[in-house]
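Structures are listed in the sections that come next.
One chain, chain A, appears in both complexes that follow, with chain B as partner in the first and chain C in the second.
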Partner chain A sequence: MRHAALATVAAVVVGWPWAAPRYFVFLASLIAINAIVAIGLNLLSGYTNQLSFGHAGFLAIGAYAAAILTIRAPALPVPATLLLAGLVTAAVGLALGVPCLRLEGLYLAMATLAFGFVVVEAILNLEWLTRGNDGLRVPAARIGPWILATDTARYYLVVAVAALLIVAAVNLSRTKTGRALLAVRESEIAAQASGVNLAAYKTLAFVVSAFYTGVAGGLFALVVGFLSPDSFDVFLSVDFVAMIIVGGLGSILGSVVGAAVITALNDSLAGFQNYRPLIFGAILVTSMLFMPGGIASALRKIPGAGARPPR
Partner chain B sequence: MTGQALVHVVVSGLATGSIYALMAISLVIIYNATRTLNFAQGEMLMISTFVGWTAWQVLHAPLVVALAVAVVAAALLGFVLERVVIRHAISATHFDVLIITLGLSLMLRSAAGVTWTHDEFPFPSFFSNRPVVAGPIRVAPISLGIIGASLALMVALGALFRWTRLGRAMRAVAQNQRAARLMGISVERVYSSSWIIASVVGAVAGVLIAPVIFLSSKMGLVAINGFTAAVLGGFGSMPGAVVGGMLLGVLENLAPLYLPASIKHSVPFLVMITILIVRPGGLLGRVARRKV
Partner chain C sequence: MISRASLLLLLAVTLSALPAAAQQGVSDTELVIGGSNSFSGPLAFTGDQITKFGVDLYVRVINDAGGIHGRKIRTVYYDDGYRPQDAVANTKKLVEQDKVFAIIIPQGSPPVVATLDYLEENKVPLLFPYQSSPVTRGKRYVLQGMTLSDRSSKMMIDYLAGQRKIKKFAALYQDDEYGKSFLTAFEKDLARFGLKLVGAESVKRGVMDVSAQVAKLQAAKPEVTFLVLVPGPGAQALKERQKIGWTDTLMVSTGPLTDERYLALAGDAAEGVEGLSLWPDPVTSDLPGVKLYREHMQRYFPKNEPNRYSIAGYFAGMLFAEGAKRAGRALTRESLLAALESFKGFESGILPPITVGPDHETQKQGFWVRVEKGRFKQLTDWLKSE
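For the complex of A and B:
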């Protein structure tokens, strides 16, 4: 049952560029990118209960790091670029995560929110590096002899990276580390009493989350091809939070589903900019009031539909 | 920089600062009652100010009417939001309620955009904008008016908390909800009143600040500075909120004089990150020790 479902999903994902129009290939790439961010955010918020409203800032750092690397070092193969983008972002995540250990709940939410604003201001002001408000055009990246010039090529790159990171996250959630993170969410005091090193695991969650988001940022730069500071405003961070809320906190599958739902919704509401936040707000409020476990927990109630409940 | 100009900068900083202080107070009122941060505070301010402005436009009435309508609208909005949405999440975690108020803020802002467009509108003021020169000092009456009106409101709130039954009940709930309930205080009523009072304070702040920053669907962002002010002073403490607000307003106005001008918009965030890292309890607050 599960293998069949998995195989079907894989077949659809691989065959998608041949079946769907070009724009939907691009959209699918965006969904995969957002899924990576959502997993990263979920590892932080869903697993260790550290709410972040600053993930657009991490995404921006990863995106600009990858873009600047592609421009300054065109010979660098894409995987190396993405890895470096992830590592740079992870380093920033470490720098932010350590002082944030002292904060919890809404203080952390506000500190990360402030972080997101500061990143955008920094991009605006570091014009020699980021070209500020003019925006940065990202050249086509290359892997060895291939140039990733088409939407389809970029789609396969994004999907491959996303698949890798999803498998890694699922595996992580089943290790001692994953269990420790979940224990931190359930009760910090109980986790500490059971020998979980609170500071170490909370920092680790921050770093891993930033790494995921940084890699996603690198992919974002390659897929969209143009970066400007206003693409990374606080509302993007809110979108990411909405993804994990709608999908389900503490669930990898939920992150992916949430990313797909929110991204597709965002896209279909593009013509109704005025009503978009209204609908988004309503989704947040109603899903919190009536479906706090998200889609993932709703799915779990269907017998035989997969993952064991972490919540 | 001359002393005269410096006075001008500091006084206008205190004026914006008193608005931040009012926002901080309204955030703290709700926090003390329900232990949640109300992300929609700024949008509630914005909606009430818009309603007051519309009444003023339609009725061609004096500005006092706009203020009165804004206050009534705010009270109603606070009451309805608490009753219809927040009350249902009474057993939810802080995390969940935070997300709910975030959703509300998105909805309110969007609704305002649909009703009044996202443009900026000039807003009339009780006070003149033209600086008055008094000897060596040069100040704008509007700054003094904002400071005076805010201080008056703060004193009124202080009296409310200190001497009325409701105020005592609110302080009791802030200290210990269970004990307050056992003493016969209706905690639900305190929730309800807290939302109403916070919303009304926001409406007054909105009518005071709208002439300076213009009336627009974006003006709710002032609540972020209100949060910074509350954190700076020590979240949960009323005097802290006032001191933090004033200090932040002055800092924000002084920073561009000594640092690159583009830093002005980052000041609240840099202040917030710094204070959270260096002294999370704020200037006047204490860090709550967690007991096992």
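For the complex of A and C:
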């Protein structure tokens, strides 16, 4: 049953560019990118209960790192560019994660919120590197002789990276580390009493989360093709939080579904963004009231669809 | 399996039929155009006015008169809130999903620049973008709307340094493509008169406090201070100058800033300010086209005040309609471009006769205004930038 479902999903994902109109290929790339961010954010918020409103900042760092690498070192193959973008962002995640160890709940949310603003200001002021407010045009990336010039080529790159990172996240959640992270979420004191090194695991969650978001940022730069600090405002961070709440905290399947729902919703509301906060608010409240575990836990009631045993 | 095979067959047939099909966005009865614009964020008012009360106003007029060669115009707009990535997604959606024929009057340099390459590659006309940086120059599929910054600068410096013999200039500019393109042009035009800017201070986009910059500029003692800002900080600079009692400089606003919104925000601090205006006064002008614009506004949107933004959109709608009319019933993107390029002395009744030509610039002029009792008073005839 599981295998059949997985095979169907894989077939749809691979066949998508041949069946769907061109715009939906682009949209699917955005969904996959957001899914990577949502998984990264979920590892932090869903697994260790540290809420972040600054992930647009991490996305920006990854995006600019990848864009600058693509411009300055055009010979570098895309996987290396993305890996470096992820590592740079992870390093920033480490630098932010350590001082944030002392913060919890609302205070952590405020610190990460501030981080998002600091990143945008930094991009504005590092003009020699980022071209500030003028924005940065990202050239087409390449893997050897193969240039990623079409929506379809970029889609396959994004989907391949997303698949890799999803498998990695699923595996991580099943290891000692994954269980330790979950234990931290349930009760920090109990986890410590069971021998979990609280500081180490909370920092690790920050670093891994930043890495995922940084890689997603690199993909974002390639798919959108133009970066400007205006792109990474606080509302984007809120969108990411909405994705994991709607999808399901602490669930990888939920992250993907949440990213798909919010991205598709954003797209269909493109004509009247003034109502967006209202509609988003209503969806968030509804899903917290009636589906506190998100779509993932609602899906779990359907046999064979659950990705992770309930906590 | 049979159904899948037949589906593939259907797909193949559709695909092979595509090149033979008519121009995208043009059907027997309809002509679809659209654009990504700001309906939220810092320039939401402008975005609403240029599209829903500007382009759409002219579209209502044209459609009620029977359309263009029997086709009614339909417009589709999406909101990018001034975010380039949303502008990219919206523009792709317009071209690939809504199948628009052309993009009309998108706003702001960053969102427009983000979509330039995509539109050129896909050969989609980008009509009259509402931004003033020369980045749009020399593109096959772009027809520039607003007077470009280097042309504005030439008119301003020729008038001030040439006719009025002013020697000391300074600039307060927004630190982005908009501001910097003006700064570069000012320096180049001043050099022609053997002059240099005595001071230049930048303002980050979105920042409202300009007191430090105004104080520094005052110390440089310029006779004229150019304001290359957006309405919010532009008005703030005027208030700040009033507060510190800096009276021995003439504040001069650039074309994109010379509008009612900026006046209303500055109140009596705007009195005596001069500037280059790209549009005749939409409320008081007696030009036949402006009177007609006011009549149309009164008929279709009686609650909306006439303003420089909606008249810009109305004008864009007029140019598009005229181009599509001249291109004839067999309208294609290429024939629209050819028709627009053929404009020679086109009378709009709003601006001086429009001649387009291969440079694709529809507006190349402006005139000098001074604020007197809260409204712009025209001081010169149309100035030339060629």
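The definition used in the following text is that the second predicted complex is superposed on the first by the 307 of 311 C-alpha atoms of A that agree within 3 Å, B and C clash if a C-alpha of one lies under 4 Å from a C-alpha of the other, contacts with A are read in each partner's own complex, and residues count from 1 in each chain.
Basically, contacts are C-beta pairs under 8 Å (C-beta built on N, C-alpha and C of every residue); 3 or more make two chains touch, one makes a residue touch a chain.
Just so it is clear, the structure is predicted and the values come from calculations on it, not from any experiment.
Chemist: Looking at A:Ile189 after the superposition, I want to know if it touches chain B, chain C, both of them or none. Which is it: first, second, both, neither?
Modeler: first
Chemist: Return first, second, both or neither, reflecting whether A:Leu124 touches chain B, chain C, both chains, or no partner chain.
Modeler: both
Chemist: With the two structures laid over each other on chain A, which partner does A:Asp233 touch: chain B (first), chain C (second), both, or neither?
Modeler: Second partner only, chain C.
Chemist: Is A:Met110 touching anything from chain B or chain C once the two structures are fitted on A? First, second, both or neither.
Modeler: First partner only.
Chemist: Looking at chain A, does chain C or chain B touch more of its residues?
Modeler: In the superposed model, B touches more residues of chain A.
Chemist: Looking at A:Met288 after the superposition, I want to know if it touches chain B, chain C, both of them or none. Which is it: first, second, both, neither?
Modeler: first
Chemist: Does the superposition put A:Pro99 against chain B (first), chain C (second), both, or neither?
Modeler: The answer is first: A:Pro99 touches chain B but not chain C.
Chemist: Return first, second, both or neither, reflecting whether A:Thr152 touches chain B, chain C, both chains, or no partner chain.
Modeler: Touch status of A:Thr152: no partner.
Chemist: So chain A touches chain B in one structure and chain C in the other; where do those two contact lists coincide?
Modeler: Chain A residues touching both partners: 124, 274, 276.
Chemist: Within their complex, state which residues of chain B touch chain A.
Modeler: Touching chain A: residues 36-37, 85, 88-89, 92, 94-100, 102-111, 113-114, 118, 224, 227-228, 231, 235, 260, 262, 265-266, 268-270, 272-273, 276-277, 280, 290, 292 of chain B.
Chemist: Quick check: in the complex, which residue numbers of chain A touch chain B?
Modeler: Chain A residues touching chain B: 49, 51, 99-100, 102-103, 105-107, 109-111, 113-115, 117-118, 121, 124-125, 189, 238, 241, 245, 274-278, 280-285, 288-289, 292.
Chemist: Help me check something: in the complex, which residues belonging to chain C touch chain A?
Modeler: Chain C reaches chain A through residues 39-40, 76-79, 81-86, 88-90, 92-93, 96-97, 109-110, 113-114, 117-118, 175-177, 180, 204-205.
Chemist: Using the touch rule from the top, collect the residues of chain A that touch chain C in their complex.
Modeler: It comes out as residues 21-23, 26-27, 30, 124, 132-135, 137, 220, 224-228, 230-231, 233, 267, 270-274, 276.
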